[in-house]
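Shared chain: chain A. Partners: chain B in the first complex, chain C in the second.
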Partner chain A sequence: MSSATEKNDALLQVNNVRLDFHTYAGEVKALDGVTFLVKKGEALGLVGESGCGKSVTALTIVGLLPENASVTEGEILLAGENLLAMTHDQIRKVRANKIAMVFQDPTTFLNPVLTIGEQLEEVFLLNSERLANVAAERKIEVEAGKEEQDTSGAAPKLARSRQKKVAKALSIDVLSQVRLADPERTLKQYPHELSGGMRQRCMIAMALARNPVLFIADEITTALDVTIQAQILELLRELKRQLSGSTLLITHDLGVVAELCDRVAVMYAGNIIELADVKELFANPLHPYTQGLMRAIPMIDRRMERLETIPGSVPDLIYPPSGCRFHPRCPFAFEKCKLEKPELLHVGKGHTVACHLYGEGKA
Partner chain B sequence: MFLLVFVLIGVTMITFFLSQVLLDPLALYMTERTREDAIPAIIAYYHLNDPWPIRYVTYVWNLLQGDWGYSRSLSQPVLVGMAARFPATMELATIAIIWTLVAGIPFGIISALKNNKLPDHVSRLVALTGVSTPVFWLGLILQLVFFYYFYLLGLPHLPSSGRYDTTLEIKNPVQQITGFMVLDTLLTGNLVMFQDVLAHLVLPSFALGFISLGVIMRIMRSSMLEVLRQDYIILARSKGLSERVVIYRHALKNAMIPTVTIAGLAVAGLLGGAPLTETVFAWPGMGRLAVNAIGRNDAPLIMGFTLIAALILVSANLIVDILYAYLDPRIKY
Partner chain C sequence: MTKTVLEIKGLKKWFPITGGILGRVRGYVKAVDGVDLEIKEGETYGLVGESGSGKTTVGRCILRLIEPTAGEIIYRGQEITKLKGEAFRRVRRKFGIVFQDPYASLDPRQTIKGALTEPMKYHKILESDEEAVEKAKDLIKRVGLNEDHLYRFPHEFSGGQRQRIAVARALTTDPDVVILDEPTSFLDVSVQAQILNLLSDLQKEFNLTYLFISHNLSVIEHMSNRVGVMYLGAIMEAADKEIIYRRPEHPYTHALISALPIPNPALTRERVILSGDVPSPVDIPSGCRFRTRCPYATDYCKEKEPPLVARQPGHLISCHYELKLSAPIPLAEASRKT
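Right, the complex of A and B next:
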């Protein structure tokens, strides 16, 4: 596959992004030249163990990094526009209209003192033009006399009371879309009155409300118990069929990836080390780390005394290992791995890997 | 509500024990000029020979009937004397509370948003000064600067004592309606006296509220900082809401919860500061009445003041609890 056609149908391109956290102990080199792209309409899985930079990558895309983080290199292009070069206000508009993110823990990410309705309707109220169009389509009216016609602006704009009414109608729609049984009632409830699964559905609804071109789901099943996880995954699968946008699914659960994603990017210590189609990656993992991950999946048809693990532990990112960051744990490491950082290499069928084992073979 | 009654019973018990049981109650009704042959009559009149439990029950019963005892120093029933001075104290305290909240909450928020920048340092310095300045000293310094020095320099100066200018009042008499002079002058359209009353309120209400200002600013700042670190703020930002909406809609209501608690306690702090402030500024309120009562060993009046103070404190806490339920939907009564 040539990279020119790949770039053409790319929605989001993350190019060589480096990011440091300034901490008391030193600079944490959290992202070390992260490069990947999300195609239009696809679901890309981003997998890796805790602390490898998956969530930081997502927060970098939406511009919500904590204050002590700084991007030192690279660009993130959404349909050709560099998100990293945008002003606060511009990136805010991108969050409002294009990229929606759902987070891990629906208990701490929903505001405890506002109702679901208040937290959901405010998303719709950000886009007055859309509200006006919807109102026209569905002929939502307010009581006579209450309506004030606003003809000053070029874009159609509704009176506030009418906007709220439309936003409420849209909220009910989107809550039924995430399969909540009684949307009208849920709108009036506070987060503490809902179960974990319902809360996560509400958070997903807040993302869908923006009709995003890119939907980022950051470990959205991790904080839920297993049966609820299954329900949420089912919902995601269903939404994926209905929606046209792309999905970036961040998880450490390879099972989730296998079920929902078209392609997978494997991350290790701030690098993308392998990227391939789901089937290809599961059938033919190339990077020693990916191979280790695959072996660590428990299989029901494979009897084992002990589950296999990858020896060693996650490196200290203040003083990361030289060369390939995986070399201290890699069973195949040789001299070059300690000295040179491997580049991402195309090894065929849209499969890329960053490992000297394969560079060597090609050269 | 139950607690309210319980606290009030406790307060009456303590004041009663301190003044009527631990001390010889007879001393409270005597002066150096009391004739010896009058003593049996006093004992008989006040039932001083009864056992103290009976005297306590009688005292509480009388309280409930509206008979709070007779104040020797005022030559008036306690309740009448206090009722006359209650509006002055309430007016001073209300103004003090209003300005401390109006200034303290926004400055606390600014302090949190400009964390560790110049506005934060300035407001923290003010807060620290507020918390550590004694009311009476602050009152005297304010009088020295804004009354005396301004007067010496020929600048417009603020009055240093009293609720209003008595000579001015002769020409512009104020009709008493609510007892709150700010309201009374406004209601009757007496603008000359309205200005005068406001001018008289400036220094004492500033001195009285200054401590609470520091406390409220600090708590508002720290709870705002705490809330801004919460996950739901990240979600709110990720929705593309403007920073203004994130702060005032998502953060403020959460951050107000601890602040309301402290504000309730601050009301109690104002009452504690009232005797000092009123003494320094010759403010004709209940605080000064209590100070005089202590000086003249006027037990019924002291007990009355203590009870009123407790009543206000308990009511403030009740209001705080009600506000909690409004601010935090997780709390239900």
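Right, the complex of A and C next:
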């Protein structure tokens, strides 16, 4: 388990979260006690194959689960506050101010009938206090005569027309921050007029607009071509240097993880099975699944005649295997693996692994 | 000297865009705009490119699943784009194809037995139904499934198993050339590895020639002997795999390889990040089609389209300049465990 010092610089703690989906076929036990933490300022990669629960974990954090999902156990703490205990309105506020999430397919998450400007300015218009501060700082004025300071509220509040002007200025800022060539023009465009890469930049801009403490990126480069993916990865690298927040990067691509993350958590069938610093994990993978995964991908920086494979396929989570969920596919499985679920075990250098091979004296 | 199995010369496929009440042709989507390639016996030719580069269209034109607009396709010395009826049927059975999406490429209402025996009946390869079933049994075992699976329907299989069935089906007519159109892009990495190994095994066993189409540069590198890099409907560079990945001479190839995220955090390298997006295939830039994103483009590139020429034997490049480009990836065998 993680030490006390680690807990202190934790931004997000996910503790033993279990989650079921109710379906006609039965209960899908999608998360089986997921535990990890995201430190302040770091980029944590969450990797695994489809159906391993990585996206569900992210949706649980931001409270966007579908109706047939229920969390049966566990807590998710953001700076000490349990997100799972929050009401609808509270978690909505968290999404507005603290956690921003960007998804794989930007087309689905942009409103096709509103311009980018309308959608982006809305984000700023929700926060009138910030608008007032920015207006004062930058001395943004409206034309004489239209000025009508609203003094009824306690906090300084600007008139609507002036708010919009400030929101537009901020939108242009954030669009140039994501390296869109012509932000003023982009503001007036509709999503269909933009390319996939540009749309994804707009989504990232909307996320940044809120100054989030945690930025969750769910497969954000998967739908993009290699050269466009490279542009977005470069942007994320740059933003990581500039911004102070943490990033949770969800992907199935170990290449993307190697390029962007500080630490990596590997998921399999609803469990975190290994977690380590990125260099440590790639140099010294301990869990048989992680090892198998790394040998199964063709890599262009090394010669190999034949890929190693992991036999079988991902288990059906309505009837998950007993004990360690990986045991039916594991070449090293022994009796204990069928009976007992392995706990995440600290094996040094910030490396944790959930496997009986590394239990008492076994390593 | 190995024989050339398949040669493509000046292949074009322009899809017309019609509009208005009269349905007049307003323009063309130039999906494939002059492709030349040559595939040798027993090799795997990797065709790589970003989405919309026309690589899938090339594959479909070869089988004439869509009719090419212009160009020649020569299979073992015979021009096949003009063949009709029975004559073409005899040639086509020498080709197999595996599609990207194993959920769409199998008929949900047909058993696996049906899917495997139908091509044999159509091409009249075997005398009787019994023989066809025997052969189907043999093939299903070769792809790592068993006889019982013949009597099931596609929905009973996982993605990886379906792709195995699709591979078996491609082999039913004893093909010479198999076109693999993104055969693993729908699969997870652990299953992808199984399919790639299977394809390598079958290639040796049946002495097949592969045209492997993919956007995944690592998969292409693993599978191919030679690689052609496509951009906006044309080949930019084609050469042995080693040259394409270690010493590319076309700026697009160079940028493509250097942009690929490599799963090795210990590796440091220079990245070339291309600006902008791929232009629309309706409105291909004048001169060199890559010039709008090329970091080395000059005014001359606007005027004249560079021909695809061999600088060294077997290394074709479509670029006006002989650029000195750095190695896009250092070999790091020493720094990693296998």
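Going forward, the second predicted complex is superposed on the first by the 352 of 363 C-alpha atoms of A that agree within 3 Å, B and C clash if a C-alpha of one lies under 4 Å from a C-alpha of the other, contacts with A are read in each partner's own complex, and residues count from 1 in each chain.
The working rule: contacts are C-beta pairs under 8 Å (C-beta built on N, C-alpha and C of every residue); 3 or more make two chains touch, one makes a residue touch a chain.
Computed from a predicted model, the values in this text were never measured in an experiment.
Of the two partner chains placed by the overlay, neither chain B nor chain C lies in contact with A:87.
When the shared chain is aligned, chain B comes close enough to touch A:206, but chain C does not.
Residue contacts after overlaying the shared chain place A:105 against chain B, while chain C stays out of touching range.
Of the two partner chains, chain C is the only one that A:309 touches; chain B does not reach it.
In the superposed pair of complexes, A:126 makes contact with chain B only, with no contact to chain C.
When the two complexes are superposed, the chain touching more residues of chain A, out of chain B and chain C, is C. In the superposition on chain A, A:244 contacts neither chain B nor chain C.
Legend: residue contacts after superposition of the two complexes on their common chain; A:300 is shown touching chain C, with no touch to chain B. Across the complex, chain B is touched by residues 62, 64, 88, 92-97, 100-101, 103, 105, 108-115, 122-123, 126, 190, 192, 203, 206, 210 of chain A. Interface residues of chain B facing chain A in the complex, by the touch rule stated above, are 230-232, 234-243, 245, 249-250, 253-254, 327-330. Residue ranges of chain C in contact with chain A, taken from their complex: 50-51, 158, 160, 188-194, 196-197, 200, 215, 217-219, 221-223, 245, 255-257, 259-267, 271, 273-275, 277-278, 293, 329-333, 336-338. Taken together, the chain A residues at the contact with chain C in this complex read 49-50, 195, 197-198, 225-231, 233-234, 252-259, 278-279, 282-283, 292-304, 306-310, 313-314.
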